[in-house]
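Two complexes are shown next, each including chain A; its partner changes from chain B in the first to chain C in the second.
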Partner chain A sequence: MPSPNHQEPAARYMDNVAIALSVLYQFGTNGAFLLLSALGLIVILGMMNIINLAHGELMMMGAYVATTAVQRGVPFPLAVLVAFIAIAIFGAIFERLVVRRFYGRELGALVVTWGISLILSQGSLLVFGPFMPSIQIPGGSISVGLYSFSEYWLALITVAIVVVFGLWWLYNHTTFGLQARATMQNAAMARALGVNTDRVYMLTFSLGAGLAGFSGALLAPTTSIMPFMGQQFVAPAFITVVVGGATNVITGALGSSILLSLVRTPIGFLFGSFLGLVALLLAALIIIRLMPDGISAWLQRYLDRWSRIRISA
Partner chain B sequence: MSRLWKLLSGPEDIGQSAWFWVGFAALIIFFLYYPAVITEFEASSISYYLLNIPLALGLCLLWGYAGVLSFGQVAYFGIAGYVYGVVAGNMIGNPWGPLVGSIAGLTASAIIAAIFGYFVFYARVQMWIAPILTLVFTLLLETFLGQTAGYQWRIGSVQLGGYNGMTGIPSFQLGKLVFFGYSFYYYVLIVVLICFLACRMLVSSRHGHVLLAIREDPVRTELFGYDIRARQLVIFVIAAVLAGISGLLYVQWGNYITPTQVGLLQAALPVIWVAVGGRDSLIAVAITTYLLNWLTYALSSAGNQYALVIIGALLVCVMLFFPKGIIVTLARELPRRGWRSAFTER
Partner chain C sequence: MTDKVRSPDQDSPANSIKTDRRTVMKGAVAASIAAGVALPTYLRDFNFTQTVRAQTAGTIKLGFIEDESGNLAVYGLQKLHAAQLAVKEINEGKTLKGAPNIGAGFVGAMGQVANNPPVISKEGTNLDVVDDGGVKERVDLVYDEDDEVLIDSGEIGVLGRELQFVSADGQSNNSVWQQLARRMIQEDKVDVLVAGFASAEREAIRPIVDQFKQLYFYTNQYEGGVADANTFCTGPVCEQQVIPTVQYMVEKFGPRAYTIAADYNFGQLTAAWTRAYIPLVGGEIIGEEFIPLSVSEFSQVIARIQQASPDWVMTLLVGQNHHNYYPQAAAAGLRLPMASTVNMAQGYEHKRFQPPSLANMHNAIQYQLEVPSARNRAFVKRWMAMFPEDQYIGEMAQNTYFTIHLYAKAARLAGTTDQETVKKCLELGWNIEAPEGSVFLEPGTHHCAHPIRLAVADENHNVKFVRDWPMIQAWWLQRLGVNLVRTPEFKQYTPDEDPYFAMFGKKKT
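Now for the complex of A and B:
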């Protein structure tokens, strides 16, 4: 590698591209991490106005399922799918037995899901022990100039975008999505029009839980597999959800993870990952002061105005 | 005098009858005489069960009376404990050091709660945001305290100590009177009793009535001309100070504190104590706090690994079958509504 002072113009240009790519990559990985850890939570919140405090533990279970499957020789993508299905089924049962009784009582739901999270994390500590050998990060790395990028994280960014697009399609182009949005806006009216809101609630909770398991499985190779691993996801996930708000799942999740990754990336890069997290909390406190119902309510107002203008034109 | 009595015996908590106060007095007398028949070690364990009560009372005021749930009360517990450790630890040798440390600890808790509460309550956020943000706050505090290992994390002569925690924190003393063993037991008993009676007077006062009104209907209360944001902020600070009192008593009891005291598991415990007893009764919360601390201690000292699973399961069962709390259901709902309907939420 030639010293920077005597570089050819082309090489210098390549270096600038590499720096730009690296910054973009950092933003991308932070955003994808926030988006993946918050998606399941925000789907449930948007629908039922319930925060699922067992979210971190559902991610932990997803990671355990995927890791166990990979160790049994299942290919990684299939293992992630297995985790999604397994946790979605668990979520459906969880909703039927417990969460269903707490609709309309937000604080009660918070507390009961916390009790469940305590049981799940302590229980898995007793059943699986304090550690589990983690799986290797699939894929290699691409290097551009001085920087190298993990293929796996690039794949995760893509997957996060695909999942958001998939959710958008699900909510806007399927019967389930139509019924879900109707239930979200006015449950009593939806019931009167023949929507089985009970079923919608169960499926939404199951979808949210499945997404948590899915994200847990995807993030499993990047971290160590422990009963309390969920804890590292919950703080960023909760902040993302608080900033995003519950008015619109897609804009909330997307807007707030982009905004927060813009906060976290430079501060985390300059001052370390802990202060990056602190910056997230401070950003959340300031953002809710400005937009109490989150960024999604704020964006929704503009979207509504825009659609009104289009209709009148 | 009758005004004071009205405040102490208001209808906002269980127990207005003469029999209740006779029982209460008997309980106090029992606790006063109890050390005569137990060892110093047992008295110290009982001090531990008692010292958690202010923390729970603070959450009870917040959640049960003001309708604001906080998962981060242990953060203020930890802040007061750590600040006491730093201040009193730097004043070792000075007979009034622990008192200065205590005041500093409570002040720190109150100031941080006021700043944090300002952002949360003045934003007029939805109900679920306060618990989430308080939880995130305590998680960050744990992470921060956990990475303070090493010599550079030293304030004066006191090391914060990372995950090993801060050790050698001085016991409480007033002048030449040092509190440990039996005398610490009486000190805790008196502090807890004062906290309890003060909370009881608070909920029966005008301010307490406004809090109840906010819990029942924030919009209507605001239309009556009350600034609900300020009221919620004030009660949040009071709860933080109560949590701080528990934190002080804790470090004065064990002479150490670790970041796990502000971690996720510890954060769950006050919520469990309050939910199991019944969030809208101070006396119920005080009783369950004592009993559940005893239960946790008994389970874990018997080598039972399932202690936290059992406590978690207890919380889930209570939320499912006694949504108003076990003691409140038994004492308030049962006589009024009979067996059938007492177990369902209105």
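Now for the complex of A and C:
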């Protein structure tokens, strides 16, 4: 008969595994939440340098489209795709009608997108009322020891990483990506070389809007579907993109969401979500103070120095 | 509209004298002092005479601020509709039954009751399908309630004047609330102010209310403790909600509770009440977490609860961001029994989220849409006739509704809209028949005694009422010795100021 002393180390080992898995899961969800919030803004703020205060409302519209579609019997993955396309089309129209008049005038764009965000949220309050019944979170849960994890959040973590990787591929390995980067760097030169910069601007903005709608749709089952639901994503999105920096937006956003959730997760787990949030904001403050151009600029410099050393060696 | 208003005193000689507001007020005060000599003590400071009814010119202004946009819009819109319904009814010559000095008004009678409480079906706002709780054979004390509480008031509007609804959107932003309160009081010169969802909003505008001695109604359920001579709190408070809920939860599910609460005065103080009270029924709080209103992603909170593994969870979550907790917890496999004083009855989470997110939620409330009484069904029908698009009527919406009727009744009895006089009149001990049941406005503390019911949501989000207290007083301020009639005060008490909790609330070692 095994004595309790014999069982104890095994049980303690299982407990430790469960805690480790739980912390890993929390780290993943924190990071994925930041990354998904920032997805559309990576393109619009990071690449086009448009301070898009209607970002939250684009996500809200994505959530509304997906929720409505699911309630009409469309399967959830298809509904997310529908949301992406619908908000991308909306983004293209929005860019044609409004945003393109404000290229190069950052503050003008800030004010106009803020105005649009008010129209969108109040408008949907008038049209759809104060809330829409939400849709069920797909998938069940997996439990390990005391803890249990939502399968849907595990899927979201994967999707967030895949989409960011896809974005990186699009901008580094396709003609469109090349033209887009050229346009953002020097529009006049790109035009001289035959790039249709008008089209590039429209497509980029439309992609950013579509991605915002896409992540809004993905997050829709986990939130209340309401006209002002977008506000909860705006601050995390801007923090992620700004901390990431503009040198290389995609790696920057990935790096900042990893770094910020690395700070937030242990503190939030040990001391509660209030101090977790405080830690996140403090970390953002310190990073911006130490690396004014964001994590990506710092990474870039580090990589440059490293390659120089390698060349000279 | 004003020209159509019928004056109740066409023949009164005073009617022909055009006076400005201030003169009328002086007249009212003078008349009330004169009248006071002959009247009993509790009626001394206001008058029943018709002299001041001369004030037929113009409308009575009802100032109303609620959040119609932002994080708290889900509550504000219900309250707005409630106010619009009440104002419409008053202007159509209707009033709720009720009068001062009757006290809590039930007739106790022996009657047959069923073993189970009646249940309203999942169809929600369609109240046709009500099960009657089974065979009625158990004999018990039941209380007699009127089936219809809306009656003719005998006049259009109040004192023959139309009740004008002056409404503004607080935008879920405390500084906007302060600006609006100032504007309503100083520029619009409202006769009565009905406003406030979050306790932070109330505390933001209360200093302004006190500065101008504005008659102010706060209609929300809240953490309790406001002792303010200008403020009347018509919603239930912690001793009416937390104590019944905690008692039931400890009895039914076990002693170990975990509290998650919104991080502002409401959440902090309600959590303090739970903490202070739970040792008295043999329970303990094994964990407590206060969550900023901006947090909307709860995986860490869920993991912390799982780590503590309590018997049940007290959720005091406020706003659209916090409501995400329920679907996220259900998806993460956290299926503990829950209790609350706000959720479900206010934010109708059981209608907004797919089952079983709110399964096993317990809340001791005075009202929510499902209350199975004839007068409530009549109220819901009237509401839905005016606002057919609405999804739910929450507890604070019903409070707003009866509060505005209560004001109209008090102003009618006072014979004036002079705010000091109406305040005195409200301090007569009013009983009003609201959709929830009989409500008694206790004069000394400016709080209401309510009928309380323990609502439970099942796996499919159907609501049942498993316990029913015909009347619970807001007794805590009385115990602290607050009597606003004798000693006006302008503060909010917290549980820390009650020595009894410190005495008995200690952990047994």
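The definition used in the following text is that the second predicted complex is superposed on the first by the 284 of 313 C-alpha atoms of A that agree within 3 Å, B and C clash if a C-alpha of one lies under 4 Å from a C-alpha of the other, contacts with A are read in each partner's own complex, and residues count from 1 in each chain.
Just so we're on the same page, a contact is a pair of C-beta atoms (placed from the backbone, for glycine too) under 8 Å apart; a residue touches a chain by one contact, two chains touch by 3 or more.
All of these numbers come straight from a predicted model, not from anything done at the bench.
Peer 1: Sharing chain A, do chain B and chain C clash or fit in the superposition?
Peer 2: Once chain A is superposed (C-alpha atoms), there is a clash between chain B and chain C.
Peer 1: Output check: A:197 vs chain B and chain C. Expected answer is one of first, second, both, neither. What do you get?
Peer 2: In the superposition, A:197 contacts neither chain B nor chain C.
Peer 1: Now for A:231: first (chain B), second (chain C), both, or neither, which partner does it touch?
Peer 2: both
Peer 1: Is A:122 in contact with chain B, with chain C, with both, or with neither (first, second, both, neither)?
Peer 2: In the superposed model, A:122 contacts both chain B and chain C.
Peer 1: I'd like to know which partner A:222 touches here: chain B for first, chain C for second, both or neither.
Peer 2: second
Peer 1: Could you look at A:152 and tell me whether it touches chain B, chain C, both or neither (first, second, both, neither)?
Peer 2: The second partner, chain C, only.
Peer 1: Touching A:281, do we find chain B (first), chain C (second), both, or neither?
Peer 2: In the superposition, A:281 touches chain B alone.
Peer 1: On the A-aligned overlay, A:242 touches which partner chain: chain B = first, chain C = second, or both, or neither?
Peer 2: first
Peer 1: Where does A:135 make contact in the superposed view: on chain B (first), on chain C (second), on both, or on neither?
Peer 2: Second partner only.
Peer 1: Quick check for you: in the superposed arrangement, does A:293 touch first (chain B), second (chain C), both or neither?
Peer 2: In the superposed model, A:293 contacts chain B only, not chain C.
Peer 1: After the overlay on chain A, which stretch of chain C ends up in the same space as chain B: 199-207, 325-333 or 415-423?
Peer 2: The overlap with chain B comes from chain C residues 199-207.
Peer 1: What is the shared patch of chain A, the residues that chain B and chain C both contact?
Peer 2: Chain A residues touching both partners: 122, 228, 231, 235, 274, 277.
Peer 1: Where on chain B is chain A touching in the complex?
Peer 2: 63, 67, 69, 71, 116, 119-120, 122-129, 131-133, 135-137, 139-140, 143-144, 147, 264-265, 268, 271-272, 275, 305-306, 308-309, 311-313, 315-316, 319-320, 323, 345
Peer 1: In their complex, what parts of chain A are in touch with chain C?
Peer 2: 19, 22-23, 25-26, 29-30, 33, 121-122, 125, 129-131, 133-137, 139-143, 146-153, 221-229, 231-232, 235, 265, 268-269, 272-274, 276-277
Peer 1: Note which residues of chain C are touching chain A in the complex, please.
Peer 2: Chain C residues touching chain A: 68-71, 73-74, 77, 172, 263, 289-292, 294-301, 303-304, 306-307, 309, 320-321, 323-324, 327-328, 330-334, 351-354, 389, 391.
Peer 1: Flag every residue of chain A that touches chain B in the complex, lowest number first.
Peer 2: 45, 49-51, 53, 98, 101-102, 105-108, 110-112, 114-119, 122-123, 126, 228, 231, 234-235, 238-239, 241-242, 246, 274, 277-278, 281, 284-286, 288-289, 292-293
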